[in-house]
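In the two assemblies presented below, chain A is common to both, partnered first by chain B and then by chain C.
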Partner chain A sequence: MTELPHANYLAGLLKSWSGKPVRPLSWLNDLRARAIDRVSQQALPTKRDEEWRFTDISTLTHLPYLPSRPETHLQRHDIDHLFLSEARIRLVFVDGYFQQQLSTIQNSDDLIIGNLPDFSASHSSILESHLTQYAAFDHNIFAALNTAFLRDGALLIIPKNTTIADPIHLLFIATQPEVTSYTRCLLIGEAGSNVTLVEEYAALEQFAYINNSVTEIALAANAQANHIRIQRESKQAFHLANCSVALAHASRYLSTSISLGSQISRYNLDIRLAEEAAECSVDGLALISDNQLADTHTCIDHVKPNGTSHQQHKCIVDGSAHAVFNGKIIVRPHAQRTNSSQSSRNLLLSKTAQIDTKPQLEIFADDVKCAHGATVGQLDPEEIFYLKSRGLSELSARNLLTFAFGAEIISRISIPSLRQQLEQAVLNQTQSN
Partner chain B sequence: MSAVLQSLVNQPYKHGFVTDIESDVAPKGLNEEIIRLISAKKNEPEWLLAFRLKAYQKWLTMAEPEWQNVRYPKIDFQDISYYSAPKPKKKLASMDEVDPELLRTFEKLGVPMHERAALAGVAVDVIFDSVSVTTTYKQKLAEVGIIFCSISEAVHTHPELIQKYLGTVVPVGDNYFAALNSAVFTDGSFCFIPKGVKCPMDLSTYFRINTEGSGQFERTLIIAEEDASVSYLEGCTAPRFDTNQLHAAVVELIALDNADIKYSTVQNWYAGDEKGIGGIYNFVTKRGLAKGVNSRISWTQVETGSAITWKYPSCILRGENSVGEFYSVAVTNNYQQADTGTKMIHIGKNTRSTIISKGISAGHSNSSYRGLVRVAPTAEGARNYSQCDSMLIGDQCGAHTFPYIQVHNNSAQVEHEASTSKIGEDQLFYFSQRGIGAEEAVSMIINGFCKDVFQQLPMEFAVEATKLLSFKLEGSVG
Partner chain C sequence: MIHSNSVPVLTVQGLRASINGTEILKGIDLTVKSGEIHAIMGLNGSGKSTFAKVLAGHSAYEVTGGSVQFEGKDLLELPPEERARAGLFLAFQYPIEIPGVANTQFLRLAYNTVQTQRGREELDPLEFDDFVREKMKLLDMKSDFLDRSVNEGFSGGEKKRNEILQMALLEPKLSILDETDSGLDIDALKIVAQGVNQIANKDNAMILVTHYQRLLDYIVPDYVHVMQAGRIVMTGGKELALELETRGYDWITENKSSTTGAIA
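On to the complex of A and B.
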């Protein structure tokens, strides 16, 4: 396989874009045109870019990875093992295209949930005021590409003062090899609303593809969202994701992201506490082995006073895998009485595993409480000895401790069936042989 | 911010006088001619000129770095004079022959020299602008085999040592400013502690920039052979000018088996006025190589001056069981900027490093801690502990931390902690309740905050640093 220069890769993408059918709405077309314009002015990031210093994505230009095709033969019974029993509302996207026949939507009075283009005429003003407002694509080539190829996407508008009791499940499934899927989500939580959203990426077979996803979440005053994100793509896939969250007055955003799959995964989570007294809690777990690379970049931006943020990110790295974490916390001038904590804890299970972690604070206000910590290490020999003294074998003691390390994050997931699934996944991966 | 704190910060710079000494200044600008001129003026051997020219060629191909968290107008490297030496330039045998004007300068600065040096028990090498003026206690040190002199003297008296070690820790092309320094460095200190010798007194270098529009590019090289140990101090001041001056030094430390080098700095270059005009750009490369087994390199720095401080005293821990330490207090006020920290590169087995960094920002200043802890795949059982705390005084300043942690060995244990705090009204209230005024309270709180670092300083420096800090922050709290 010969390596194509980056320019050719982007040029191929630009060519495939011009052939796309024109959507009926002019503002959406303008948006896409603006995005493609931005794509043509940017280059793919390399290791020389500070933000991509530890993550080399040059291998994704080895194949053309043309946009995915809409047709699918997927039947319900192929994927029902991925369904969550607690979730009564489910949107299924296959290779980035919405599948009505696989989804379950319960329409209620005001709750708007469905495929984005279906609402682009009826709700154009609300869409126009939110879409791409949070995930800016001016300096982010993957967000720009996603916007340029924007077609289907999950749209959720949670009405005022409404609590959706059951979790909503968004399932993104990859079935085509060597293509790029562009997946998109937009969650708008109106004032006082409350929702639990499960965003899950899965593959049915092991092959290479690119998934470029963008999620935008806007919470109005006093709204709450519990965002659970599961990434279990194929072990050969590239997962390039951006999630941008904007929090209004006293709104609350809880996030748990679990990263298990992909050859190379990159998750950018940007949270902007745009108004006073907003709160967020961000937890993450990356569990990787072999030659996987999992890169998580988070940025929590305290713009206004009295904000709270708590973050805990854990990585369990086995084989020759490489985990990257960069957690930035910004406290803007006058964002007084911000309370922020961050911890990055990393467990290296093998000699060839690698960790690059960088918890970063940028503080411009004096009356704040900010702390961060990072640790890298292996299992504590004393803990292993203790378990062995209780009759456990060395192996089961190690497995138990590794599982417990990851379980701390998984136990925060409020959906029992999903929690069990993930605990099983962690168990499977931590059973060293 | 209350008035007491406010008035606490704005203490004028004490060392801002210009000494009226005739200087021998090279024309401004940088080219091969200038480098040859510097080399000729210093009567240097051919290999050193070759070293300089190689560095200059390398420098021409490099671009000025832009990743740092400091902002300054572009430096015109052709507008700097690369050589400035006090006249007259005849060899000095004793302190009595030193220009009395110069002596008065040191008197004003409170530099312990001559008889005062005897009291303080410190051997001093004084670098005025770019040239070493005098070295005290040379005889006494020579008795135990220690070589302590200016680097230009060492080039003539011990060329084999210089040739063997110069540029081995910081190669000529290491970074933009190190390359510049390697091309144009004019003087600096050289210190060699032979096998098995524990240096009987603290060694010290005193740096001063005196001439407007000149840069200071000094080079320090310290070598501790097997089982040797040394404690080395460095102090810096500069007069008050409205123009910015460049200080780009390189410090190289080499510790062989079981050797121990402790390097302490109290940096108080002119920081610019309260509007941020003038001041020194302090862009320094400092690096120690813990080459031998059980060797130890310890950096302690108190950074209070300079318009911009940008340096990362680092340790390359190559020897088995070698130890690296970094203790730092960085204080910024008005429009000062500091981007400082350390690099701990663990290569050998069971290497250990400790990082304690305290940043205090007041006024409109910004201070950043930027650190790297890298554990190479060969560094079995490496251990690191880092702690970096920031204190903000007022709401116009900023504090930042950029800790890079790269671990490629699973037997390593790395810990990093950071926190941010401020001097609260309630703390000041508590003090005033006990009859302690705000000014003294602030000084006590800050000294408590910096205690872990000050404890590492040699006695006289610790006293000076404590005083310096309270001057520095005079008027910023209250």
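On to the complex of A and C.
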């Protein structure tokens, strides 16, 4: 029976949960208690769940990884190669715990960039009105677990009409093997604000661990967020992530997510265009090889009229790796004049590589523009020929095209040093064949 | 220019090729010597581009007969990249777009590959940048072409100019320009023709595939060939192009098949 290990697994997790207050703050502890209660009422998804059809996480049930420990010996020089020269504000979390001495934070009267619990008293009302409001945990066991184990987290409150010129780097580093880390981000963009956020997951060594992450982003009217998400966990890691975004009137959310690491990764990105004229652009790239599995599930929900969403998702799959993309687009009855496009393009580099891509359009309004397309293929022989006709060898033509396939997404990242790092990562991977 | 002492660059004898089992080239004979400019004209579908792509080594075509000597080598034995490195260049009729590959990166890779082959120094990105900008001036190309993806979103004319830029960089022994003039406005045509004329010299050769006499006003061919149903059926001097412009192609068929026709 498959139920049994799952049940055991959850029971083990529940046992490791401590009800003791992290800080003497009732509302946060209430939230945690509610979440743990929801955990006990849910089961781990199996392949019989439609949403998990392609992604078998039963291995997880054999990995009774306890929560990570707060202590770390990590020094600045251990991780400064991961820093971005453009990002002067940086929050570093090690195994889910905030590390003040590795971070540069910034707080003024209204601008808040720091560790969430530090503001749970002073900003309780704004936090209460946002935290868990978007990443609901009632029917999402990983969001429930994350909330139940919520302790540290990145908090960003960008005040009204404020543009933060430099990107803000949230760096989540894994250092402990065989533990579960719970990482959390909350970005509140007040009306007319503008921010660029890099949310990055990295590991210093190649070992197994679980990272359960939840990010919530709320943009008020006319606010903009440029959200760059880099997942380069260890190749043995399990990365289970939920990101929920709520967009108010004429706000803009730009997302670029790059998935390179993990044995199994699952990224759920839910974007709700809750008010009129909201806009989002959602780009994704998964570059995987060997036995990796990268699963991206996105849901773009047009609730009100005049919304725009453009999505491009790409996967480059080598070895016996398996990429999954499920892109749901909902256009609700009131969401007239929605303009939406989705493209899923996939590159298979080996005969044993596998892709499952599924656009899922649920359109209930009649005056909408909705374009979508999915392709799965090898490198285009005409492109290879063109390059060879200019003297490039077969191998360098293939490498260049594979690189280019991914670089199209990477080139949209507005931070030069990060772009270069990623281009190098793609080059290393494409040239290792 | 025809020189009495020049050597053949390309010798094609009885070349036959098919695609998906359909024979397109049905025995082509053509000799091109260094310093010469040849024009190939002919109706749509007569096999001009097929001929060009077979010479460049496109794998979709199967060569079923004949031989091609290029600079003393058996061209048909070489993979496409070896042909390019040996000095064969095809400016495509429909240059392909390659999203994500920066034009400058592509041009430098191609340039350095060919340079290495010729035992010359490679250029680093900075040196190459200076070098390519000089060449682009000749073609009146905006420098932002360098940062854009190869041909992506280029207008028809811009794509053609990018082909000629590649030709200028690679300094081929034999250039085949497949309808490089189609889709060019008259100013662009002059610029491209100027570029071609600067590249042409007594040591290299060119084959221009074209439908229009007007290109040949700017690049004067030594020979004009007419291709029909996969064969070169007539060869003449530059006046033949003028004649084709006024009379069309029917009279050639007429001559050969001696059916009656209405063309004056």
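Operating definition for what follows: the second predicted complex is superposed on the first by the 417 of 433 C-alpha atoms of A that agree within 3 Å, B and C clash if a C-alpha of one lies under 4 Å from a C-alpha of the other, contacts with A are read in each partner's own complex, and residues count from 1 in each chain.
To be clear about the criterion, a residue touches a chain if its C-beta (ideal position, glycine included) is under 8 Å from a C-beta of that chain, and two chains touch if they have at least 3 such contacts.
From a predicted model like this one, the values you see are computed outputs, not experimental measurements.
Aligning the two structures on chain A places chain B and chain C next to each other without any clash. By the touch criterion defined above, A:K369 reaches chain B but does not reach chain C.
In the superposition on chain A, A:S350 makes contact with chain B only, while chain C stays out of contact range. Once the two structures are superposed, chain B and chain C can be ranked by residues of chain A touched, with B on top. In the overlay built on the shared chain, the residue A:E178 is in contact with neither chain B nor chain C.
Contact with neither chain B nor chain C is seen for A:D30 once the two complexes are overlaid on the shared chain. Shared-chain residue A:E383: touches chain C; no touch with chain B.
Legend: residue contacts after superposition of the two complexes on their common chain; A:L361 is shown touching chain B, with no touch to chain C. Using the contact criterion defined above for the overlaid structures, shared-chain residue A:S393 touches chain C, although it does not reach chain B. Of note, the Cα-centre angle with chain A at its vertex and chain B and chain C at its ends comes out at 70 degrees, rounded to the nearest 10.
In the superposition on chain A, A:F405 contacts chain C only, with no contact to chain B.
The gap separating chain B from chain C at its narrowest, counted between C-alpha atoms of the superposed chains, is 14 angstrom. Contacts of chain A with chain B, set against its contacts with chain C after fitting on chain A, share not one residue. Interface residues of chain A facing chain C in the complex, by the touch rule stated above, are 381-383, 385-394, 396-397, 400-401, 403-408, 411. Interface residues of chain A, counted against chain B in their complex, comprise 50, 333-334, 336, 346, 348-378. On the chain B side of its complex with chain A, the touching residues are 67, 375, 377, 390, 392-422, 424. Within the complex formed with chain A, the chain C residues making contact are 56-60, 79-81, 83-85, 89-90, 92, 95-96, 98-101, 105-106, 109-110, 113-114, 117, 149, 166, 170.
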